[in-house]
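A, B, C and D label the chains in the order they appear, each numbered from 1.
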């Protein structure tokens, strides 16, 4: 921890900080510059957790030396985390995977039709929502367990692992019985009760970035999951909220290399939410692969005009097919494959 | 619903939209301008919920005519909602109330000491956290039920209704047994399971604005609560996330008059989180009252250096006392009282 | 300057940084913690300007100890700057001033009518735009010198100093001949050619905050003006751009106490642009005074429906009159006056 | 223009709007729904420019039907604009171009060395700053005309067209004498005097997006240039300001397909400013090409530690070389070439 003092900090104030630090087992290293005095606290920063040094008299600014997360950091684990799913799918290696499917699971037959198309074009993981977090209480809220059954069934039929969102800590056990990957949605990124609950399972988790979460906050939420014992976490960039209203969200493509530098966890890009308009999805998907992501999540629907949710950002199967051809070529251009 | 068509929309595309509308029981009113054609759909917009008209061929933009919320709107209920708490405290009338107390409940004795000071200066509602949503899994997470007991006890001793945060739908019943007002924190504003759960109780709710929630999204979350039967909801502006890093959050003072225009629900201002630094809290509190809020929430601690959380933004009792004197004068200046 | 090294920084990398520092006349103070090594550079930070230490091998983060601005800082000058204008108006003392008038100067007679009303209600400075920065090239661009003449004339008739925007460095001399205060608009906050030009005059300057400028960047722009010799600068908070679209801008009320802490320059609040809707202006103006500003800028028009610009956010004279009564009471409540 | 009325709008208010519209030559089409009345104004929207319909009594919201820009829009001109520069370089066709060079021009010899490396790797346009907009008045401000001479000279030696920033309307003529493309920097995007001045020349312009400019505002600024007669404008996405501080800016990759849809002008991506850290630049450059941009701008320096500016985000020539190999493969994957 580094403490920059105000120009007019007194000796008494310096002593007060020093005493506090020493009481906590830290060594205070005082460095007096021409204009400012700086105190470096040497020792485990963790003991300072909760001590608001910035309000101690004479203090201007406090700067932590260590990142607030541990288990998720690249420093803690140098090699990339690889997550093994059913049907020989692994996330985090040379081969990229594309998760695809409808926003909401609607009917068993409808899901089958979409899954068939996706599989044919090269999609390897099936997505579909059974519990839907909706802005309005009057919107369709998902089929619940019925939807989970369809998802499991169709995933097995086509040999695809499955992913679905869980919103309520009371549903975690239920959802684990049906799917391969638990999705934590953007709105629930900091729902700590839910994070603790999925952290106690052995099911892989995909943690979506909150709509206005910093990289640091996002990694701290992953830390919640890992610190409960579940290390199979992938992070999903799905667009952030900015001043721009010309798109639903702003896909933060920088997140891909930043996460790769800070963490060993795999990174997924979701250009459907990252743009919010189907006409922009392919461009965002290509950018995600070129930037170096480990997987994509793309919403596909065979009749978007009648979709129960997110029809506006769903690709038609034929557009998904063309996209997959481009993605394969781009992956190859950067020595990866799809 | 108003639909603006692309310049090159065809007659067939117009017919397709018209048919869809009529199938849903709406009347399509077509208006052909020099450059663009506009279709107005007359009838209940609700039937269009989920139909992504924006992807229908030929459509450029879709504009809803009605607000997406109903029960919370000023149009639904003209007169201000007044919420009655214990000890003759009512929120939403001429008299403003100041909710105050420590961020976290730490000890029974500590809470009593702070409550005594607050009461003396004119604070009328006691706040304190027992379940704490913390960015880091390694931070103090609150005393849980033990803390709730202290809060109830001290509130009764000093004749003050109490408010505390609930984070998990499984805790709602427990928390209701101890406090007068359930706080939904900013991070859980869109935790719809939790909103549904508090909506089923008869305990008043204070819904904090999410860190990057628009007014509309915030009101939609209140709508979740009201639509479950609980109409005693107050909204709390507690600062939003912007590009500015010189303060922890940006207190959006415009929210006060905007909420008053759009909704009948009372509005609370929290300058502690809205600024994040105790040296700015008084200024924000004064601005909140001057702008027309119905209540304030201000964190106070008698030893911020040792506070378990949010020490940096807590006022000392003596500063709270001076602030209350200013606030009373400002309230009077705009024909209200504290 | 403080340099935090990566965990795996080598001795050679440390030596490379040390040598660079010493070559520039700085002393490198190396502190080796358990996990990280930190280097403190002691001496004038200015010599490092332009040296990108963050890319030196082994460096994780670089933290400046000193603020990047000097002349504008509270540390440079403890007492508040007071700016003297004509007609015995001074900005930065106990008495607050309200600058008011139409967005655009339209006609001589129209300006007179508005000025008369403002003066009657207690406004003391007359504003009006002659050069208008407009989002569209097809919008009304202002009357130019003709407008400046009206402004000067009407200001003298009613005994009010005047303020108007200057947009082009080539117009600075011209505008100085007519008005008391040069306004730099939000869009031109970082128009450094223009800042240098107004910095060379002796005319007071009101520097509006850029729509997405941090406090630090804003103060750096004031530093441009002061470093050219013109110390009569006031800062104007006029709302920032955020994700919220329910208002035109978000009035950042925190800016008032923050600027007061960091700088000796007076601070003005503009609730007209800070809200963008006349129905919210009074609330923002009251908040500004309560928060501690030194002056307000409020747009007033006697026929907003026909105003050439910003009619939507202009107050009618009768609303301005009621507002002034409230403002006087609030100023008194915090020991100031209007 | 579409006007949505308040639920309680009176007949008199409707008539008032109708009369205003008819006076301006528009036809008012009134449509009465169950809850709301909507007025469609048919005729040229331009006559309403400046009339603040939103404050007319009874009005709730006003929605323009037409985009505010004309000349830059895809509707005005269907085919892509192609800009021809010297040395057979054309922007806006199948072949992508990479503009590269140092942030600041420092010495003649230094610029030659960098240009030689860039040319060898496949860069086709030479960039370098002679007039530098710097956050601090104490930073290096550029070599001015001396720098322009070096740029012209080196560009000719290596057969590369050149691009440099112009900041002051008084310098436009001078800069035109030396370079092929005038760059308008992000800070000056809304410097309308400067836009008018470059619009009067015949030199192509690269207009960078302001740090918090919406797509619409950006296009309006291009409209300023085109409306002055200069149609050779390219737009440059260079990162926007968001809440995220882990990168200098957030590269808005969505801007590429959005601009392509809305406008016929070519789009350039600048991953150097879009990320702010050299370790992220390659990822952003690859994403830009994959997303469909027409050109890239990448800062390169052979000794970033000693660069006069932006050393932190400059690539070394050897990294630029590797990047170009990847970019060629990605371009090919989407049927373009570099």
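Here is the rule we go by: a residue touches a chain if its C-beta (ideal position, glycine included) is under 8 Å from a C-beta of that chain, and two chains touch if they have at least 3 such contacts.
Keep in mind that what you see is a predicted model, and the values were worked out from it rather than measured.
Asker: Relative to chain D, which chain's C-alpha centre is the most remote?
Answerer: The chain farthest from chain D, judged by C-alpha centres, is B.
Asker: If more than half of the interface residue numbers appear on both sides, call it same; otherwise different. Which is it for chain A and chain D?
Answerer: Shared-number fraction above one half, so same.
Asker: On a C-alpha centroid basis, what's the spacing between chain C and chain D, in Å?
Answerer: Here chain C and chain D have centroids separated by 26 Å.
Asker: Quick one: chain A and chain D, Cα centre-to-centre, how many Å?
Answerer: That pair's centroid distance is 31 Å.
Asker: Distance between chain A and chain C based on Cα centroids, please, to the nearest Å.
Answerer: Inter-chain centre distance comes to 38 Å.
Asker: In chain D, what residues contact two or more other chains?
Answerer: In chain D, the residues touching two or more other chains are 212, 241-243, 245.
Asker: Any idea which chain A residues touch chain C in the complex?
Answerer: 2, 4, 7, 29, 31, 33-36, 38, 40, 42-44, 63, 65-66, 75, 212, 241-243, 245
Asker: Would you mind writing out the residues of chain A in touch with chain D in their complex?
Answerer: Within the complex, chain A touches chain D at residues 212, 214-216, 240, 242-247, 250-254, 256-258, 261, 274-275, 279-280, 283-284, 286-292, 326, 329-330, 332-334.
Asker: Under the definition above, what is the set of chain B residues touching chain A in their complex?
Answerer: Listed in rising order, the residues of chain B that touch chain A are 20, 46, 49-52, 54-56, 68-69, 133-140, 167-170, 187-188, 190-193, 211-212, 217, 220, 223-224, 227-228, 241, 277-278, 304-312.
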